[in-house]
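One chain, subunit A, appears in both complexes that follow, with subunit B as partner in the first and subunit C in the second.
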Partner chain A sequence: MSAVAAPSVYSGGASVIAVGVLLAEFGMFRQALLRDQVRLYAAQSGLISALAVLVAAARQLPELYVLAALSAGLKVVIVPIVLRRLLRGLGHGGDGAQQDQAAHGWTEIAGSGSLSLASTILLAIAVAAFGFFSVGALRIASPVLPPTALAISVSVALVAFVLMIMRRDVASQAIGFLSLENGISLAALVVAAGMPLILEVAFLFDLLVAVVVFELLIRLHHGRAESLSTADLTSLRG
Partner chain B sequence: MLAVIAALLAAPFAAALVSLRARAAAARAVTAITGVGSFGLVLALVPAASRGEVRYLDYLRVDAISVVFLLATSFLYAAVAVYSLGYLAHSRRDAGFSRYSRRFYAGLNLFAWSMLAAPMMSNLALLWIAVEVTTVISALLVAIEDTDGAAEAAWKYVLIASAGLGLALLATIFAYYAGAQVLGQHYNLSFGPLLQAGARLPHTPVRLAFGLAVLGFGTKMGLFPVHTWLPDAHSEAPTPVSALLSGSLLAVSFYAILRYYQVATAALGPRFPRDVLLVFGIASLLLAALYLIDQGDIKRLLAYSSMEHMGILAIGVSFGAPIALAGVLLHVLGHAAAKGNAFMGAGVLVQKFGSKRISRISGGLDLLPWSGPLFGVAVLALCAMPPFGIFRSEFEIVEGGFAASSNVAAAVLIVLVTLAFLGLSAMANRMLLMPRQTCHTAQGDGAAAAPVRGEPSGWMVVPVVAGVAALLVLGVHPPSELTALLTRAVHEMGVAA
Partner chain C sequence: MSPNLPMPLIQVLQVMTVAVAAPGVSGVIARVEARLQGRTGPRVAQPYYDLAKLLRKEALAPEGASWVFLAAPLGAAACYLTVPLLIPVLTTFGLPLGYMGDILGGGFILSLASFLVAVAALDSGSPYAQLGASRAKTFAAITEPAVLFVIFVVALVTSTDLPYALAATVRSSSGQIAAPAHLLAAAALFMVILYETGRIPVETHTGTNEFGMIEEARPFEHSGPHLALLKWGSSMKQLILYTILLNVFVAPWGLAATPRAAAVGLAIIALLGKAAAAGTVVAVIDNSFAKLRLFKITEFAAAAFLLAVLGVFTLYLGGG
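Then we have the complex of A and B:
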């Protein structure tokens, strides 16, 4: 590990995309509107599909084209549509202005009750650094992608956990979970690119089922609490 | 045998479809018949599994370990299917009842289907998918009561369990990576070849996979510190669902951990996986025992007791001695029967007194001529009193602990189990034996109709009696077929050497 050669265009490009995925994860922290968070999720998913296409082309893994297409169809198109329809549909019962806001998917995100945005981001940076360096130290070599990408994927997953913990509304917790899944997809591209397509498709199908159930439960929660906030989910203790 | 496996996968799914379409009465009957039939089918698998594994279509694989978990799930499926005949008839009678009942039965059958499917998967990816399917279906069942509490519990459950399963998915991916290093890039995550690769597997990814699997599947098994959804979901779900959650779902997640344990032991040797399980087991058992001492809600009481028993299972595996592992597998069966009984008894008490608060329930023994004593028996069985199955299994686990020279851990286990016994028995004592009038007048809620003596429904007693019979059989004299199955399963766990 003395004189490190410059990375090839391929591995440099792959690392840049992986960093883009992590930046999208951080970007979710600063969004104040759910609609924008959904867009960012779609963009993040799009980056992962792009990386899959890159790997497929460079490493001659034609199955990954199919995976990239299916993954883009589900995570860039279907899931965001489901989420936006959900957010639009939740306007019922409120006053006019609220209804108008909700109709445009402008529902505000309830931030953390305990930490300011700046502190939350600092925490997320610390967590991401922890993930990055600890996984980097494991020296898990991948046949298809630079090991940096694996370290970044673990950072994405950890930051997604911070997002889920800090947010105080059900919709953005759900999006946090979905972006956690994106981090895991990234890890899968690095260390499990050759996994049989049928299993990958089964994972995606399973994600679809999970999204539908999340949607149902968010509707149920909104129906009872008249808001997306989790502030009143405190009755079960002890 | 292949026909049996196919039927076991097809029947509950078909029953779910029928329940969605058919009238309520038909759904009830079909569910009860399918539940009891499934248990019969699993019994038919026992002799074959005791001799060796059965494979089907590349993706299905049933061995002795799977059958132990199938027995637990199918027994409870049968029990709650019969119990629901009475439970639903008495729980609600409003306008939306037929819709509720249709959803309930469809969900119950699908839930049982997913839990029966998980132990039959030959492949770690499919196992993960099956466990994830159990999560989403059971989250909907937790929410089915449509109360504030149910909505809260379902949301916490689906979010925490899905996040945990995200970690388990990472574990699956690292297991693939480890396997692919030895078996080539087109390795399909089948379990058998991974186990055979054993010591040739690279250590770091296997360690990562095992750690993540314990944390990830441990979330659904109720291991500390990722157990927080468990008491909420158990207390807010309808009672038959609580029984399945506790007796089967937690066990299915434990099954997934056991599979990773097998791989980790084969690749790394026993030390690392056992140490990990011991830490999680002791912490879970300690926390559960403390929460049991002063618990105000009958269903949360039983939920923490489940956590206690999951801790015992993890500790039992960490001992590693063959007798301890046999005890662990017997414990899975005993816990399913005893916890199913306890929840079903608690369901009757809750219906009778109209409250889950322990302080509102008293004199159960007088008011419920059958369910009262049977609930008491279930609690005693859960506390590992002889002559029930859990006494035998815990005895074997402790014996295994001393045999493996884990004297301190075994002593800690005994102390914590005794602590849990104190909490559980004191609460049960209060609900069953404390005279009725003192509590009633103290509450001053005379306006609410005082409960009258009698059982709500015979259907809610029959499966509990069957559960007691099963516990007695397990405790007094396990049939030779079962002993052969457990011996084979212990052999499969790789301790024969």
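Then we have the complex of A and C:
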């Protein structure tokens, strides 16, 4: 393989942001506290908004600035606030210490993985590699398409699935679903940046609906099981 | 106009810079660390006084130890003095012996030194030294994949595995340093260096706390000049690793492009300044994070591995 030329500023910047999104996704495997998990999701969403600003500036699409602002407002501010409020509400069932923990967002979700952390990461690397190379095999090339960003967005979606499967707590599963949407936004931004604004806004409101549904589900599950773990649901298997 | 220095002299200067400056860099780090913890701390030259004191003392060997025990510190120090010949310490151009080995060759020599120290530790028969040697070898095997993938990134970017070539590529364009593969590889290498120099994740590099002892446990039975050589060797290893990180990956600027005396002198000062800056960053990181439990080291190694593998992936897809 010949020496690789340095990428242009736009494509290099887009790739760096995309890698950041993927690293945040991997970081979610490690977070032990619910509060940190929510923060990491907010940071990942912030990166997506930054990418929207970059694409808007590089390809002269002013409506993307509106999208960046909307997406930042919704995913960096509103969704984390809703999730945190939800966590505070979860303290009522337990004893005093548990309520206190929930109020500060210290709810422990560590150790909810079914494999050890290092093995989970290795598994996720393998899954991400599958995403990378299957997109690479398609040989999509375009002057406006940063080559790695699309492949990384597929990897983000796949790794989000691994997160949802491997973590046994409801909260991580919800965050995994929400970050899956981040991966899809990433793909939409780099492939079809000119997609009409109204369509993208509709997606964002879809996300809001998902958050409300997850809130209901988490409350329901916590009300019945008095924990965030889904481990005891396996006994319901037929 | 300063005169041109002969090539062999520059080559000797590379080795001497690392050998002479290494304890000083350790001294700077110890000082910064003490300041961060609100202590006055030892003076920067303290490691030199320590070495001088140890060199004057008597050398003792435990009963039953063979010649390996006494020869290993010399062998290890010789290895650490060989590596600076292979990496760009002062110059941007390769020196006569500079192409004797590539990055893998340098890595082999560094692991040979670590192997010799481990063998001496086993030879001593002391449980602490043996524990340190066994941990060092086990964890070296865990961090090795990350190092390999960093080398793969270098190989994919430059089509060679010569450290001089990567440094030249990084200098050639500003876009290269912000390329995701380069950032990921540099970050992975930095994490490996944090581990290799006995900082986070688990080791306490100054204390004698057995839970976190890896590198520091190995010279437990050595004394006098042999202990001095081992301590000097580990500070040389630290400076060599910093030099690889700085002059090959992160900041390959300030190196001498010509063999003029002034340029080489400037390069020495630049290297020392960069190494002190890197040491400060390391000390800040070391003091801002809690140590992990010993067996959490796989998580740290997995993170470094993840970064390096992603670097290779992005390169493979042509993202740079």
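As a convention for this text, the second predicted complex is superposed on the first by the 220 of 238 C-alpha atoms of A that agree within 3 Å, B and C clash if a C-alpha of one lies under 4 Å from a C-alpha of the other, contacts with A are read in each partner's own complex, and residues count from 1 in each chain.
Methods note: a residue touches a chain if its C-beta (ideal position, glycine included) is under 8 Å from a C-beta of that chain, and two chains touch if they have at least 3 such contacts.
What you see is a predicted model, and the numbers here were worked out from it, not measured in a lab.
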Superpose on subunit A as described above, then tell me if subunit B and subunit C fit or clash. fit
Should A:L122 be classified as contacting the first partner (subunit B), the second (subunit C), both, or neither? second
Of the two partner chains, subunit B (first) and subunit C (second), which one does A:V209 touch, if any: first, second, both, or neither? first
Applying the document's definition of touch, where does A:E181 land relative to subunit B and subunit C: first, second, both, or neither? first
Under the stated touch criterion, which partner chain does A:V19 make contact with: subunit B (first), subunit C (second), both, or neither? second
Quick check on the superposed pair: does A:A137 touch subunit B, subunit C, both, or neither? Answer first, second, both or neither. neither
Once both complexes are placed on the shared chain, angle at subunit A toward subunit B and subunit C, C-alpha, multiple of 10 degrees: 150
Minimum C-alpha separation between subunit B and subunit C after superposing on chain A, in Å: 17
Show me the residue ranges of subunit C that touch subunit A in the complex, using the header's touch definition. 156-159, 169, 172-173, 175-176, 178-181, 183-184, 298-299, 301-303, 305-307, 309-310, 313-320
Subunit A - residues contacting subunit B, complex: 138-140, 143, 157, 161, 164, 170, 173-174, 177, 180-181, 184, 187-188, 191-196, 199, 202-203, 206, 209-210, 213-214, 216-217, 220-221, 224-225, 230, 233, 235-236, 238
Quick one: which bits of subunit A touch subunit C in the complex? Just the residue numbers, please. 1-9, 11-13, 15-16, 18-19, 22-23, 26, 30, 116-118, 121-122, 125, 128-129, 132-133, 135-136, 146-149, 151-152
Listed in rising order, the residues of subunit B that touch subunit A in the complex are 123, 125-126, 129, 132-133, 136, 139-140, 143, 146, 148-149, 151-156, 158-159, 162-163, 166, 169-170, 173-174, 176-177, 180, 185-189, 204-205, 208, 231-232, 235-236, 291, 295-297, 300
